[in-house]
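Look for subunit A in each of the two complexes below; its partner is subunit B in the first and subunit C in the second.
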Partner chain A sequence: MASTAPGYPLHFVPVGNLLGILPILIVGGGAVMVLLWDLVRPRGQEVWLAGLTGLFLLAALGTAIGQWIANSGPIVVFNGAYANDRFALFADFVVLITALAVVVLSPGYLRRRGLAEGEYYILLLASVAGMLVLDGALNLIVIFLGIELLSIPLYVLAGFARDDQHSQEGAMKYLLLGGFASGFLLYGMALLYGETGHTSLTAIHAFLLRDATAGHIDPMVLAAVGLLAVGLAFKVSAAPFHWWTPDVYQGSPAVVTTFMSVATKVAAFAVFLRLFSATLAPYRAEWTVPIAVVAIISMIYGNVVAVAQTSIKRLLAYSGIAQAGYIMIGVALGRPDGTQASLYYLAAYAFMNTGAFAVVTILSRRGEDCDRYSELAGLARREPVLAGLMSLFMLSLAGFPLTVGFFGKFFLFSAAIHDGQLALAIWGILTSAVSLFYYLRVILKMYAPAADVGAVEEFEVASVSPEGTAMAAPTAVGPAVLVVALAGAGTIVLGIFPAVIYTLLQGISVVHG
Partner chain B sequence: MSWPILSVTLFLPLAGAVAILAIPSSRARAIRLALMAVTALTLGLTCVVLVAYLAVPSAAASKLSGTANGQALSTIHSPITFQFQEQVNWLQSGTSLSHLHPAFNEGNSAFNQAAPPPINFSYHLGVDGLSVWLMALAALLFLVAAVVLSQREKRLRTFAVLMLLSEVGVLGVLTSLDLILFYFFWEAALIPLYFLMIGWGDRNRGRAALKFIIYTVAGSLFMLLAIFGVYFITGAQTGVYTFDLPTLIAAQSFVHTTQATTFSLFGHSFSLLNPQEWLFLAFALAFAIKVPLVPFHSWLPDAYSSGTTPFLIFFAGIVSKLGAFGLIRYNLTLFPQASHTFQPLMLGLAIASILYGALAALAQTDIKRIVGFASISHLGFVVLGIFALNVDGLNGAIIQMVNHGIVIAALFICVGVVESRFATRTLSQLGGLARPMPVLAGLFLVVTLAGLGMPLLNSFVGEFLILLGAFQSSPVWAVLASLGVILACWYMLRLYQGLTQGELRLPGTEAVSEQLQTVSRRLGRLDVGPVEVVALVPLVALMLVIGVYPAPVIRYGRFSAAQYVQAANRQTATDPALASSRATARSLP
Partner chain C sequence: MSGLFPGFLILSAAMFAIGAAGVLVRRNPIVVFMCIELMLNSANLALVTYARYTHTMAGQVFALIVIAVAASEVVVGLALITGVYRSGRRLDLDELSEMSE
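Then we have the complex of A and B:
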């Protein structure tokens, strides 16, 4: 424990430690600053709040980049409770970039839906801080702290549309099931602590290594591993622990869904990868098959059920479950190439999924989100650029070449085959073929032939109604389109030059102790 | 060649697409002219490549004849010679990862395996005697499609851009020499094709497009797995981890694989087939869907009947050839042993395609579907020639791929003219069109005869060689396949006679058709216009030229066919020098 370590009394925190968690401090401090500013600001100036939030996120991102460039090796701070290694920094990048995109998307969207409140940005920053904590957590307590710091603001954000019943329902579901999952996680941690006597991942790893080298498999540890896996699978929305996902994704305001679907997944997978492929590596033979089964169930369930959806947000929710299954392949392998592939996929996912949800955000009108499938009909004629970009994101999610999604799947399947886990690769491929059906159907809908004219007219009448046009303020859509365009550019550029991210991942180091 | 002619050829259509985007969409004439200029220029470049290539291998051919004494080993290690190679690194992870992963590396070795192999792939282009012909064919068909494309086509600019992007994809598939680059183009070409299918065509097009894409991608994904399989198995055997095709062929990793090395599935190992056979099947599945061979063909009739004429010219003309191209380029060279193991399977599928396609063509009432099923039957011949696994068969297959591209494009132009004039595709509603449309009937007759394999026309040469090759392999296959030739006469003439001969029959009520006849007679507008004639004449001329004087095509095709047969036969003889001399002897008539 920190207090007992020689040379570092509890009341004395060396500056080096603070430097190690500088991005977290900036984001956390940002939350406080935005909170204060929200108290004194003049009414109706929410854009400035977004600007301030964005500034803090940018500063944190800049700091993280600086640390990446400056550090050649991992930095472990607070007596081994937090590692500022490149693994954590990479996850930080993805989380912070996604959060920035969400902040740019938010003001216009919130105004159109009449949700503009200062609390939104405070909660967002707090949640980002939780994610950053998770990225580098090296201690069970810190992991739990990060999970809760991430989740509690999200419970509120999910229910942020207070006059929308779906939002309320989603938030309640998320809260109840999320609390349940936290319970699982905590129970797993308690068992692990009880058995090993440590909360530090480093010490736990050393303990398990000794244990397993002696040929001794501890059933209590196995139970702990199972409980941890369940709790984390919930957070990454992998089937069969996904039940909250569709309702919460559909009910939450679109910007919150964007944030939740990408950033939460990245942070939760960071913990998942670190815990399993590093700390629990000695027990790899025991957990690799169950994790692989969860991955396969996720891929099958997400992709098959997505086919039947008529709501875009639900479709993307099930697609997210399926994508979690793909990323899980890397976790199940529990080897460096699997970890790399998962991280690559997470970065790819951040681009394509943020882009797709950003389009949904832009299309959302006053009072409700763009959600019905039919609302996409004829989009190619009304918004050719948006339709083109949405097609790009769909193709990327489906894994077509020229998009970043292709190399995401490329590295995952390649790692799976190299490790001899042929079943994972084959199920991944079969379900990818299924996924084409619904991703391409979205494209087909946007470029629909004349047969669907009825739906188009219905929508066009709705969109030219006074309240619809009045709220589509150009100031709001401008930056939002920029986000979509940047996500699109990233999707294509990284799809042609995979080396950009791959080279970053080559030098990655994971500290578990 | 000091300048990268292949890259220039490959990306010229892309540059053209960008240029066309700069033209305002209202200026249809300018767009169409630009499209024709770009495709013509591309054709010119591919012809330069073709001529330059043909100038080279004659020297190489003389070298090949000397393999029996002296150079046997060098030739047998890389039997296929690629020209105009260009190579640029695309993704390289040269260093071993182990030292960068303290976490995975430390501690007990029982929990740590060797670091993952580096993943390297490159932008590697090159052509051989197989792909030069197909490149020229592709460029020609895209030009023909550009000529046929009507200025009044809706969303003309988008169509033109997508068409040029498909051309990039097709040329990329033909020129790439790296498995990942190949897969990249193979899949990327589907994107513009998908948009072309959902944007233009009849009401059924959305469904047809979805069906086509899902079929193709499902097959291709298995190929992707197999590509990884090739990569890791070759790497494990030779220590060289590469996706580079010439290197893989030279590595011969599958030449001597005999034991059923097992894959493990969650700890259980299975050994149903040896890895080479699994990999062969995965590649073959992707290509069989694209060709298509019979059990995998059901996307084709929908796609062919719902598309527009310009689209079908290059879609049916060249995209379907890519499957056959892949079978030759990848299956024969990478998996020689499995090619022999599965020879009966592939020949059986080819025969099934020939006969099923022919019989189904007989049963259709929709003229485009007749052409579609005829295409299945013809492509069955190509696969038959490939898996005869001898020089004659393969030579015939290469020629027939080109021939089929020419014939099917011409057929779709003819049928498309009929459809556009009378707004129907039902055979029974039409008849006696030779009277109002004499020029069409004349050109259509040549095309029909070429399609059914009449001597002095191009298809005869290819089919003859294929049947010759199949006969050498086993007479039974040749006999079964010749049934397809007989049926071809039947369905082709049924189409031709039904449309052009007999009493004049036009769709609609008596009065309407009466009116249509008088109007058309007065205006003379029913027959093919100058545009269609310009598009058809070069194709018909090519049919005649290849049919009357096939010697150059055969000779140059033979050189490549010999190389591929040699590659496929690498495992059959224990003594490499003997095998090479045998292949060489066969390759020189």
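Then we have the complex of A and C:
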């Protein structure tokens, strides 16, 4: 149960605290177990590592679901450093389900690209542990640790294709710009700590509330808020701070891009929402307009630049920048309905974006990723099921009715209108219309009748490779197709019954008590 | 101590500005990486100064954790930069742009 009472001696960690972070312990312990097993396992049995990794993720997911059912109130552990509330648990669900999907996608893809190494799963689990830490972090130190635990394994994963120059280059850019963002974030934390004297978000909130009700706005706190916003905007790849995104998404192996585009965004937005909608709420009048401007720039920039892309991964990267803009609407509103709408959109985004990247993963051949637009030409004839599901994900990302993406946008825009932020809703709707253009172009390309015959032939020659492990062989990609099918089912079912997730979100808020 | 307080903060802010400017201006990834470390350490200086000023321990603990995290970031970072170098390319951020629009 809740152990908020202060004054535990440092050497005494009550069991309740450990139970509160059980999902993190399972995933973190899993990383160690996979590391040890990787040392002793027989060579060439990477698929068992994937199975073990999946088991740990499933166990963590089961624990998180159990905690959701058992506790309705916020559970604060470790002297107020970590909240195991429903907000955190919901973000945990999305992260863990995405990670599970990625683990199922990985073995076949890694084998095809010649990257099958045990380290991949260890790094993946470590990164997931960082995300779970972030979801419930209630202390500046914990937030910093979570961000770094998330990022450092991802730097390595982005450069996992060691003989691929694009992968190496993307990893280095990710490292340098990620470190740059961490610098901003950390300096913002230092200033916030200095002005308030606390690292606990709850205490900082109480301090700022006292300050703000006295009518006093501290310029140093404003500087801290600005630095924190810049650092987090980098991590969620919102528009003026997005430079790294296209190169890193394009260069990284497709499974890593899948993981990083969805799970990282969920965890970073969890911190963003908690920090701004709750802790910094007393300063809301100061930050709401800049955040809204960043959201609008992201929506415009991401959607407009995506139109000009010829690489699928780059297209999805710019689409991801635009989606970050939409999710940021909920941050800019700074109210519970905005938070819930953002969480809904993150869950929706997990289904449709994982699905879209999973299709790219399946289409990837030996040695390189499926990346050029022309490789999609005529896909509807060769792989009608995949093409149909890819079309579904594209329509959902564009926000078409009867898909989960429609309700994601609907809840965000209606929350914006409800809070009187008409400009956000109008820009959101306008840019969604623009996005329809490039999402539909992908669909048209797949269903184009016998266009680009040359490209198709080149593709078919490549797919009949000596070992016969290329995309056309359904046995090699069976589990991956299952992931795509499940993501597609989720996209449609939640698009028809949006209440399934929405009822889960009722009453979730991040406001400090 | 209290008399020196603004001085330490100004030094820390200057270090942060130098680091950030370095990241934006320099083209050698190792130098850029050093500038990032400078930014992290400027935050450490601010944290320790504030810890002294507010008579709380959290800032010092935070600084120690940042040092440990920065060390692990350096390990990964230098390995990645070495990887790029070993693939036979010049370490120049302007030339490391194989991927295009």
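Going forward, the second predicted complex is superposed on the first by the 485 of 513 C-alpha atoms of A that agree within 3 Å, B and C clash if a C-alpha of one lies under 4 Å from a C-alpha of the other, contacts with A are read in each partner's own complex, and residues count from 1 in each chain.
Just so we're on the same page, a contact is a pair of C-beta atoms (placed from the backbone, for glycine too) under 8 Å apart; a residue touches a chain by one contact, two chains touch by 3 or more.
None of the values given here were measured: they were computed from a predicted structure.
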* Asked: Between subunit B and subunit C, positioned on subunit A by superposition, is the outcome a clash or a fit?
  -> fit
* Is A:G30 contacted by the first partner subunit B, the second partner subunit C, both or neither? -> neither
* Once the two structures are overlaid on A, work out the angle subunit B-subunit A-subunit C from the Cα centres, in steps of 10 degrees. => 140
* To do: Figure out whether A:G20 sits in contact with subunit B (first) or subunit C (second), or with both, or with neither.
  => neither
* Asked: In the superposed arrangement, does subunit B or subunit C reach more residues of subunit A?
  -> B
* Now for A:V156: first (subunit B), second (subunit C), both, or neither, which partner does it touch? -> second
* To do: Examine A:F180 and indicate which partner it touches, taking first as subunit B and second as subunit C; both and neither are also allowed.
  => second
* To do: Could you say whether A:P253 touches subunit B, subunit C, both of them, or neither, answering first, second, both or neither?
  => neither
* To do: State whether A:R335 touches subunit B only (first), subunit C only (second), both chains, or neither.
  => first
* In the superposed arrangement, does A:M172 touch subunit B (first), subunit C (second), both or neither? -> second
* Minimum C-alpha separation between subunit B and subunit C after superposing on chain A, in Å -> 23
* Footprint of subunit C on subunit A - complex, ascending -> 140-141, 144-145, 148, 152, 155-156, 159, 162-163, 165-166, 168-173, 175-176, 179-180, 182-184, 186-187, 189-191, 193-194, 197-199, 246-247, 250-251, 308-309, 314
* To do: Would you mind writing out the residues of subunit A in touch with subunit B in their complex?
  => 209, 212-213, 277-278, 281-282, 284, 289, 292, 335-337, 340, 395, 400-402, 406, 410-411, 413-415, 417-418, 420-423, 425-426, 429-430, 432-433, 436-437, 440-441, 443-444, 447-449, 451, 498-499, 502-503, 506-512
* Write out the stretch or stretches of subunit C touching subunit A in their complex. => 12, 16, 19-20, 23, 29, 32-33, 36, 39-40, 42-43, 46-47, 49-50, 53-54, 56, 58-59, 61-62, 65-66, 69, 72-73, 76-77, 79-81, 83-84, 87, 89, 93, 96-99, 101
* Structure fact -> In the complex, subunit B touches subunit A at residues 90-93, 95, 97, 100-104, 107-108, 110-113, 115-117, 119, 180, 183-185, 187-188, 190-191, 194-195, 198-199, 203, 205-206, 209-210, 213-214, 217-218, 221-222, 224-225, 228-229, 231-232, 263-267
